[in-house]
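Below is one structure, written out as structure tokens; the observations come after it.
By letter and in written order, the chains are A, B, C, D and E; residue numbering begins at 1 in each of them.
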Amino acid sequence: MAKNRIKKQHKKIGKAPGSMIYTGEKSTKKLFIEVFDYNVEKCTEEELPTIEHAFDFKGSDSVTWININGLNHVDAIEKLGNHYNLHPLVLEDIVSISQRPKIDEYEDYLFVVLKMLYHDKDDNVLYEQVSFILGKNYVLSFQESEGDVFDTVRERIRHGKGRVRTMQSDYLLYILMDAIVDNYFTIIETLGDKIEDFETDIFNGNVNNSINKEIQDLKREILKIRRSIYPLREVISRIDKHESSLIQKRTKTFYRDIYDHLIQVTENIDIYREMIWSLMDMYMTTISNKMNEVMKVLTIMASIFIPLTFIAGVYGMNFDHIPELHYEYAYPVFWGVMIIIFLGMLYYFKRKKWL
Amino acid sequence: MAKNRIKKQHKKIGKAPGSMIYTGEKSTKKLFIEVFDYNVEKCTEEELPTIEHAFDFKGSDSVTWININGLNHVDAIEKLGNHYNLHPLVLEDIVSISQRPKIDEYEDYLFVVLKMLYHDKDDNVLYEQVSFILGKNYVLSFQESEGDVFDTVRERIRHGKGRVRTMQSDYLLYILMDAIVDNYFTIIETLGDKIEDFETDIFNGNVNNSINKEIQDLKREILKIRRSIYPLREVISRIDKHESSLIQKRTKTFYRDIYDHLIQVTENIDIYREMIWSLMDMYMTTISNKMNEVMKVLTIMASIFIPLTFIAGVYGMNFDHIPELHYEYAYPVFWGVMIIIFLGMLYYFKRKKWL
Amino acid sequence: MAKNRIKKQHKKIGKAPGSMIYTGEKSTKKLFIEVFDYNVEKCTEEELPTIEHAFDFKGSDSVTWININGLNHVDAIEKLGNHYNLHPLVLEDIVSISQRPKIDEYEDYLFVVLKMLYHDKDDNVLYEQVSFILGKNYVLSFQESEGDVFDTVRERIRHGKGRVRTMQSDYLLYILMDAIVDNYFTIIETLGDKIEDFETDIFNGNVNNSINKEIQDLKREILKIRRSIYPLREVISRIDKHESSLIQKRTKTFYRDIYDHLIQVTENIDIYREMIWSLMDMYMTTISNKMNEVMKVLTIMASIFIPLTFIAGVYGMNFDHIPELHYEYAYPVFWGVMIIIFLGMLYYFKRKKWL
Amino acid sequence: MAKNRIKKQHKKIGKAPGSMIYTGEKSTKKLFIEVFDYNVEKCTEEELPTIEHAFDFKGSDSVTWININGLNHVDAIEKLGNHYNLHPLVLEDIVSISQRPKIDEYEDYLFVVLKMLYHDKDDNVLYEQVSFILGKNYVLSFQESEGDVFDTVRERIRHGKGRVRTMQSDYLLYILMDAIVDNYFTIIETLGDKIEDFETDIFNGNVNNSINKEIQDLKREILKIRRSIYPLREVISRIDKHESSLIQKRTKTFYRDIYDHLIQVTENIDIYREMIWSLMDMYMTTISNKMNEVMKVLTIMASIFIPLTFIAGVYGMNFDHIPELHYEYAYPVFWGVMIIIFLGMLYYFKRKKWL
Amino acid sequence: MAKNRIKKQHKKIGKAPGSMIYTGEKSTKKLFIEVFDYNVEKCTEEELPTIEHAFDFKGSDSVTWININGLNHVDAIEKLGNHYNLHPLVLEDIVSISQRPKIDEYEDYLFVVLKMLYHDKDDNVLYEQVSFILGKNYVLSFQESEGDVFDTVRERIRHGKGRVRTMQSDYLLYILMDAIVDNYFTIIETLGDKIEDFETDIFNGNVNNSINKEIQDLKREILKIRRSIYPLREVISRIDKHESSLIQKRTKTFYRDIYDHLIQVTENIDIYREMIWSLMDMYMTTISNKMNEVMKVLTIMASIFIPLTFIAGVYGMNFDHIPELHYEYAYPVFWGVMIIIFLGMLYYFKRKKWL
């Protein structure tokens, strides 16, 4: 996990700064370019065959959202970047997928990187880097591959739901980021469920070593999610403070709303971290309790039978002169004594609350 | 618990921002609207049949407190909100019950969200979200359902106790928040009692696994209470710094008093957190001490009887030539030796302070 | 302890803000009012029969210290407060004994609350709230009951020792607070002694469950002391920054001296906290070491005698054909073998350093 | 490790400040001086026989990089320093290899110290101090000995790859530092691998004392790496804020890129620290689990056979009157009872999930 | 230790502020006054018989260092203080040896207190308080008793080594403080050695209770050293920011150098703290590992021999009809079975990796 991320970074060592190197897994995914161009009155939605088709939208009065999927197509991204006058380091960051969430403010556009989190089929958490360029009248978005959490956004643009068609590109960026942040709630809810399952398991005495490992894995997963989400707070707060015509004052209220959501998400993450620590505590004490129980069984069994065995051993001795051996009722008396010792021991352990 | 909260939020994922969705449990509770309208001379108290009746109070010279119970009645709240020119995000937050305590400052009103904590019949802590709109001459309050901690406030308004009737709406908001904060003391006092009960239990050696679970639950409860109360400090401090005619200078002294109370509450919460950690320490060491005791019993029993049994076994052997077997006083001598070994062992363990 | 404090606060819930409610234990202690009135030339010391006698000192040119003991006499305090134009919230705070140390700056006086710590006869730490009003030419002090740490201050005023008689009321407040802070050193020194006693106990292997409890109690005591003293640093530092004629520049050097002392006290408290955590570590490891020792005794005893007993059991069998039984020197040989096994075992355990 | 570093410092105690003392290990490494002198059009690369040859490059219009290897040649460094007007404390710091990463801003040059980390043949992490002097048109670099991570930089200068030949000395410093920071990723990646190996080991039950030691060593290694890298963030951020013609505005964007990388590195380090703590947790719980297993085996064996042995002992007694001894089927019945007890015990332990 | 320090402070309780009370151990050490008076050209060094001889140096143009040893001579110090116009609180602080390192800025002098750390003959760390008064052209230093770390400073003044004779009193103060800080490295190096010794001990399984105690003592020593050194960073940084002719701009570079050293020292201290925590971890896990080993021996011995003993017991029974007893080869068969069980057990434990 964390290791993979570092290995990817590693690939670039020794390259000149500003070199565009896709650091994700090699893939042959095809480039998928989708465009929404809309204003209050109309909305056109297209899938573009080549990146050059995206050049025409620059400078239109309507709001344009160009969504590029497939970071492995470095050339296409570079062409688009040059057309939109993006800084080489921005292009390098877009295709280098180990970025922390961050915002870079350039003269006529904002560059935002964040992590889109979602579950794969096996409920593993996937981390996909999404970059946004917010310019006057346009938003460019870059994803590693097709498939995202933006379907509700598309729906709203298409059918003019809510206020999206009446607002500018800054509002478009807002609803895109809002969709990503909303999905964080799903991710951490699943985490919460897992933690509660572990808790039930441990409470039921299931303390084998593999649950130990799984808890450690979960702890690490939370660390990783936390790292993907925390820096986003700073990003949003920088947007709120950003002074230019790119972000309108009335939109800032909405960004502050995302900020509130992020605080909620990160608070929940912190709570889950504490809950996991508590899990480890419960785990340790449960082990100790079980050991205690094991020891009690041993001690009770041994304490009862060891003296009895000794006495039986005594009367198994072959001394010539052991008078008790010849008493007529010696054997029943022996059993009586045994039973008395046995009951006395039981009473003693009962009083000690070991039984 | 924490999980539930997240699930509620989850319901809204994919909705347009500003959509008013009640995120609490579906309920059929009826809408209950209560109005106090007062100034120095008079005080009228009414229960309103419909939300439209509340519109007339806007703009009156006297101070008006409109208390709306039933957040599931989203339509009514929206109508009232529009009448009072509230921002759509404010209305969304009012009915979305997973808010953190916060304050949002708008041009002609303040929006405050906080958590009202109280015990249900089984002494569980309930968390109800309460929102306040403080405007010129009016306070709107929104609660999830009927039943609150404001009875003393009503009493004071009705009978003109204290200075409430001579003051403005900012003072009304103050006494409402003060009532909520005062109740926090009751909540954490009960926590303190529970912790002391656990402590007594553990000290008495009650260290089964279920007390472990209960302590973890209590730890989580404290975390949750903490999270509900901590951000309120920031809210109050923002009110204190707020610069507009809504909050008068002479009222700020009172808000600072709430602030002091909050510091006390949160300090106590932190102390209880530390006490719970200490509980876990006591729990662990108590388990270890018990194990020690168990092991001592086993070791003493085994150490005493195992050598004795060995000797008895020796004289149970069937060698043809074991001279001791034929001595006349062998048997009493045997017992004597046994008793000496036994006493020697007891003395040894006594000296080691194991007995 | 902590619990009591909260319970006291609890009494007031539902009362109008500014209500003066004595939150300490009901007591019938009589009101004791003491006055010092002095300047460079003269010093008068009086015990006043009623609170009204204290009114005359207001406005005198000489410095006046009015020391009121008995917070249960709410009426008298209110009269005095009104005469000196104190804010209702100040009067409420004076009699509400669960205040944190704090300073409130009013137009013509400063209000300071802090905790006086001293030992009762059984060496328990008592926490008494002391409030000061520093005005032009006067200091009012309010204590829960008679008995304080101010005797050296009285002595110095009476006999004009040091510079007190040549200074203003701000210096008087300083020496009063200095006396309280000096006494903190006594308190924490006793704590240090207790911790060292525990350490010796644990080092000597005294690890029963009740010492565990006592350490937890001590931990909590330190927490409580810390909470009583820490906020005072902020108070002193606010006095240092206070800009008005009440605190003269040359006196501030002295307040900075108190500040240094407070830093020393709180540093020592933090060291004691760390020492207590170390105590718990020592406690745990001592338990584990003892358990280890117990287990070793058991293992050595069992490992030596169990094989011996087995061999004895073998020759106690009744098979018809056991040739060894009939050898003439079988029995001495048997003992020889036993002794060799025994010594071999001892050597083995010696080499393992278990003996 | 840490200790060595302090010992080195120790050598200097008692010397006058500003004395140049090489604090590394005595070595007879020869001085190796390498010079790159380039601009857009040309690039010369030389190895200089003596330090005096380096004097001529001062004041040239082209960018000069003088790379000095061999801090033990204190005299040569002093001569160069004097020629370039470096402050005595700077020279002292260059040869004193226990510096923390830091930046000192002088009038006409910047002095930067940092740590170059790389693996030796046995994969141990080596820490070599590298100092840079950034002046107008030149960069001086000082390394303890030959061998570094700058080969890609040399390559780029030689062949004019990327923009290096078109930029000033501030950009040269940037790519040198970038090369060092890039290599940090290799170092921490190896750490991550080690941690995962330990995790697998522990999960497989390998909990001997030597793995314990190795984990502690790794913990310390991470501490040391962290200490070598953390302060560099402050250095870079100071460069970003530096106001002089030495650092051009367009280069600052690149330094901000290094800053982002450093954040990534330090975040990964922090994650590895947490992972190591988790390792210790896993280690402890694995030990406890193993102990539990050992105890269960003992308890099961003892609990089953101790009662059986007792019964066998009973019928080995020599009482004259034990009626069972004479029953014809007593022996098979005895075995039947034994087997029933045996199976009963097994069932009991099965139900307790000990088997 | 820490306790002693508090006890010393305790002596002063109840005294008027500004009273000069020597709080160290009563001692009859004689007063030792040493004077260096120098400028570029000349240097005189004297031992003064009485404090009055020191008065003449005030106002000389050359730099004067008056070094007073023997804080018990309160009167002499007071006389000197009055002659140099020192504030009473400064004089109080000089003789009150429980000061934290601090700097107080007065109009025409600086007052600096710090701790000189050195080893006594038994390698215990001693803490001696040293106070400096830096005035125009003079430095006064106050030590508890003779013996210090300033010999190299004296040497340099005497023989005009380095730049000391060419600089002002601020540089003198610098080299004095530098000598003290340099010695901190020796102190913490010894700590590092101790920690490594403990580590080796624990790794070799030496986990008795007394090593536990020693580690706790070391932990406390580090706490105490940390407390003596940490506040000095603030002191130095205040000197660096000090704005007056007392500290010249060119000297500030040197103070910044001390600051760097202090950062190194405190970083090392923090590393040692972490190492000690790791020691405790190793200690705990080593104990657990040893316990595990003990338990395994017990379990192996018991598991092998208990069933064998049972079988031997069976054939020691006296039933009339035990057919096996009469088989001719019963006895060798019995031994064969025993050996098979024995080897089977060994194999089982081998496979479980307990052997």
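Quick note on the criterion: a residue touches a chain if its C-beta (ideal position, glycine included) is under 8 Å from a C-beta of that chain, and two chains touch if they have at least 3 such contacts.
These numbers come from a predicted model, not from an experiment.
Asker: Return the chains shared as contacts by chain C and chain D, ordered by label.
Answerer: E
Asker: For the homomeric pair chain D and chain E, should the interface be classed as same or different, according to whether the shared residue numbers exceed half of all numbers used?
Answerer: Because under half of the interface numbers appear in both copies, chain E and chain D meet with different residues.
Asker: Rounded to the nearest 5 degrees, how far is chain A rotated relative to chain E when their C-alpha atoms are superposed?
Answerer: About 145 degrees of rotation relates the two copies.
Asker: So, what's the distance in Å between the C-alpha centres of chain C and chain B?
Answerer: For chain B versus chain C, the centre distance works out to 27 Å.
Asker: Indicate the whole-number Å distance between the mean C-alpha point of chain A and the mean C-alpha point of chain C.
Answerer: Chain A and chain C have C-alpha centres separated by 43 Å.
Asker: In chain B, which residues are in touch with two or more of the other chains?
Answerer: If we look for residues of chain B contacting two or more partner chains, we find 205, 284, 288, 291, 295, 298, 302, 306, 309, 313, 316-318, 322.
Asker: Report the topology of the inter-chain touch graph, choosing from line, ring, star, complete and other.
Answerer: Contact map by chain: ring.
Asker: Let me make sure I follow the ring: beginning at chain A and going to chain D first, which chains come in turn?
Answerer: Starting at chain A and heading to chain D first, the ring runs A, D, E, C, B.
Asker: Which chain E residues qualify as touching chain C in the complex?
Answerer: 2-3, 5-7, 9-10, 12-19, 87, 89, 98-100, 102, 104, 205, 207-210, 212-213, 216, 219-220, 223-224, 227, 280, 283-284, 287-288, 290-291, 294-295, 297-298, 301-302, 305-306, 308-309, 312-313, 315-318, 322, 324-326, 328-331, 334
Asker: So in the complex, which bits of chain D are touching chain A?
Answerer: 152, 156, 161-164, 174-175, 178-179, 182-183, 185-186, 188-189, 192-193, 196, 199, 203, 205, 253-254, 257, 260, 263-264, 267-268, 271-272, 274-275, 278, 281-282, 284-286, 288-289, 291-292, 295-296, 298-299, 302-303, 306-307, 309-310, 313-314, 316-323, 353-354
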